[in-house]
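Two complexes come next, and they have one chain in common, chain A, joined by chain B in the first and chain C in the second.
Showing the complex of A and B:
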């Protein structure tokens, strides 16, 4: 690879390489405050390559390659190279991570205790976590919760947050240096990357104890529902990308997590309502 | 109705976890997680006493839980045992 960049996000080291300078430069800029992989050794490699020989110059499109690949992953336009890098990093984690039980969830922390937000795409968990991360909580990650099967603790994975469409406008007070370049016309619409604040980056090696699990749904009248632990367990196996791969270690980690962590399903109409709801439930329920 | 079933080797199953009336077990040989509802966990416990037909399992359940035997109970137990065998948690002898 002619151009490459290495970075550590939480406990995971990545090396991203490409024949193109642009996506690597943009990535290095977004992650400029992040440390290098421990001992300089990356856990995962992502390669952004021309989809075929001619595509390097002619309407270039980026294929996502790496240690693990999804053959049907569609190539992206070169101007969306940053998005390709992010998808590549997520893919390596989702398919290759064995050290931690991975839950597709956003996590924020306060006083050593973690609030986990999980649910389907579009439920608003990334946006909610990013909002909380600017209001006194530490952002531990917006994509993956990393459960250590040995300790039950959650490890941070505070990658840059990709905000979509109208969610971008919910952060009016942030300075320009917190933002990546605007990406228009992506498969998910308009995207802009928000760089986590310095607390999230400086403290990313600090794990936290799971204290409250919420299944948020954006765009509904405010409501809080209890969910039985068997249903929570089943939903979390569906939200995990590597539960099956971890075998009995995953079973033990997840049953322990579900036993100890109170859970609620919450519907919310907008950001301010969600903030208030989260603070109330945290006071009432967080273990 | 006369099929004899055998319990799994205890080492094949994780310690069962009870979540609000459901029982979770991890089956080591297959790497599968099973979420069991009543009476499946009770059948597994009763079968652990020794190989048995559904009729004998019904007797053991009645003795253990003080159940009145209903008309279709044996058929229900036989169905559940066939399902447990199909997912590999118990075996036909």
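Showing the complex of A and C:
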């Protein structure tokens, strides 16, 4: 395609092509410190194309295409082309990833052990992982946890973190070079991309052992609840995009993950409370 | 440019050629193979070749996915077998599920979407009732769509299983009754072969004829490289019997499908190198078909817009007489407008 960019995020190589220059330039800038795909061969291809002939110039709208597509994925305005690229990459993972069991979760690591945060959209897992990533933890990813069915280890997928609305203001100390351009008026409101720090990128090929699983919920009085293994299992099948497709391998990987990883549901009112809670539970429970 | 599709065909035919590929070539090859649903077939073909680590990992993923796909396809067939068993009606598996169930080479790495089965036309109402009772539901909701399938198609309107989310297509013959060739559905069923579980597959000649009819006398050739690859694999396995091609052509004449089968033989030989010494050169029309089959670039985009549209229009033309087609398109256009 006319404009293109290739990048490796954790173990996954992407190739993104576009008929417009803007989204590719923005993407290359955000991912400037990331390596190229292994052997120069991408695992997945994303294409940003006009939905029809006229949408290339006239009120241009960016259709998200690629190896795997969702027919109902709505096109985005060209000024949100960066978002389209990100959504395209996520879509390839969600629909096409077969090497790892994929959990919709954020992951941070300390001393080779991983803390997994999962829950519905709005639970705050991206924000919490990004905050922890600036407080001595290594950010392994804010969107997908990659469980290797062969080893049970988690692989990092540290894409840039897309922070939404008020969450953007929780990182006052960061320099300008850590941020992508502000995107206003997106379907999810105000969005700004936070580039992971250099440790997260340099060490992204290092896997970690799952040590603690939390189901955070933002906006409630502080509370910690035990949660039975059967419920954890069912919740994680719902949080996985490829559990069914992996068949028996997915079942074995998930049951092993659930039986070895302590889990709690946690409610928290704000960021500082969550940080303290995470540190306490990590000391008490992390296996 | 359609070099990526050409590269895919060449790699399937002569796996050694991948030794000369650079990173861009590999990326184009894997993308095109995935888009044509041939990536697992390619993965099996490239076993034993020196392959870069990244490509090897992608190919290993594709094989795992195909193995799991085969498990799911066979399970879906078993679910249908259990639902239809009390009817004591012969159930013939078609297409990918048949190749896998019969252990044919064509089943190796074959992607399977829907379950396709063939039953006797007069037993359709019983089959339909049994499937509905076992949890399958209609996909189409407009009464015109249902009418369209029942009057003019060679299959029931598609059904989907409410728990497993998998579709089943129940055929009573292999081409729409409105198409010009009239295959002998009774002979297809009479000569089918039994599998150990009691389900059946078409005879070798009919397997090839159905694949050719599906490719050249029915659709618009989208995904055609995969269908032609099926034909190549079937022919390589069946031509171990020396008189197979002669018997195949006899049978094709009987089904009114000699033209489609001869085209399949020519294109299979010229694209995939199927060893068919008695088959000659490509005709001008064959070359147009070849161009349509190869319309895929290194970014997995469809190319050759004009030729694709032409084959799309042709696919309707060959399925329905002109007046019926005009009426059908008019009604669909009205439904589209009313829906929009």
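What we mean here is this: the second predicted complex is superposed on the first by the 287 of 287 C-alpha atoms of A that agree within 3 Å, B and C clash if a C-alpha of one lies under 4 Å from a C-alpha of the other, contacts with A are read in each partner's own complex, and residues count from 1 in each chain.
What we mean here is this: a residue touches a chain if its C-beta (ideal position, glycine included) is under 8 Å from a C-beta of that chain, and two chains touch if they have at least 3 such contacts.
All values reported here derive from a predicted model rather than from experimental measurement.
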item	value
Fit or clash - chain C, chain B, common chain A	fit
Partner contacting more residues of chain A (chain B vs chain C)	C
Partner chain in contact with A:135 - chain B first, chain C second, else both or neither	neither
Which of chain B and chain C A:188 touches, first, second, both or neither	neither
Which superposed partner A:280 touches (first chain B, second chain C, both, neither)	neither
Which superposed partner A:21 touches (first chain B, second chain C, both, neither)	neither
From chain A, separation angle of chain B and chain C (C-alpha centres, steps of 10 degrees)	60
Which superposed partner A:32 touches (first chain B, second chain C, both, neither)	neither
Partner chain(s) touched by A:247 [first = chain B, second = chain C, both, neither]	both
Contacts of A:233 with chain B and chain C, given as first, second, both or neither	first
Distance in angstrom between the closest Cα atoms of chain C and chain B, superposition on A	5
Chain A residues contacted in one complex by chain B, in the other by chain C	247
Touching residues (chain side chain B, partner chain A) in the complex	14, 17, 19-22, 24, 26, 28, 31, 33, 35
Residues of chain A touching chain C in the complex	1, 13, 15, 17, 37-43, 45, 47, 49, 66-67, 98-99, 245-247, 249
Complex interface listing, chain A residues touching chain B	228-230, 233-234, 237, 244, 247-248, 251-252, 255, 258-259
Residues of chain C that touch chain A when the two form their complex	22-24, 26-27, 30-31, 34-35, 52-55, 57-58, 60-62, 64-65, 68, 71-72, 299-301
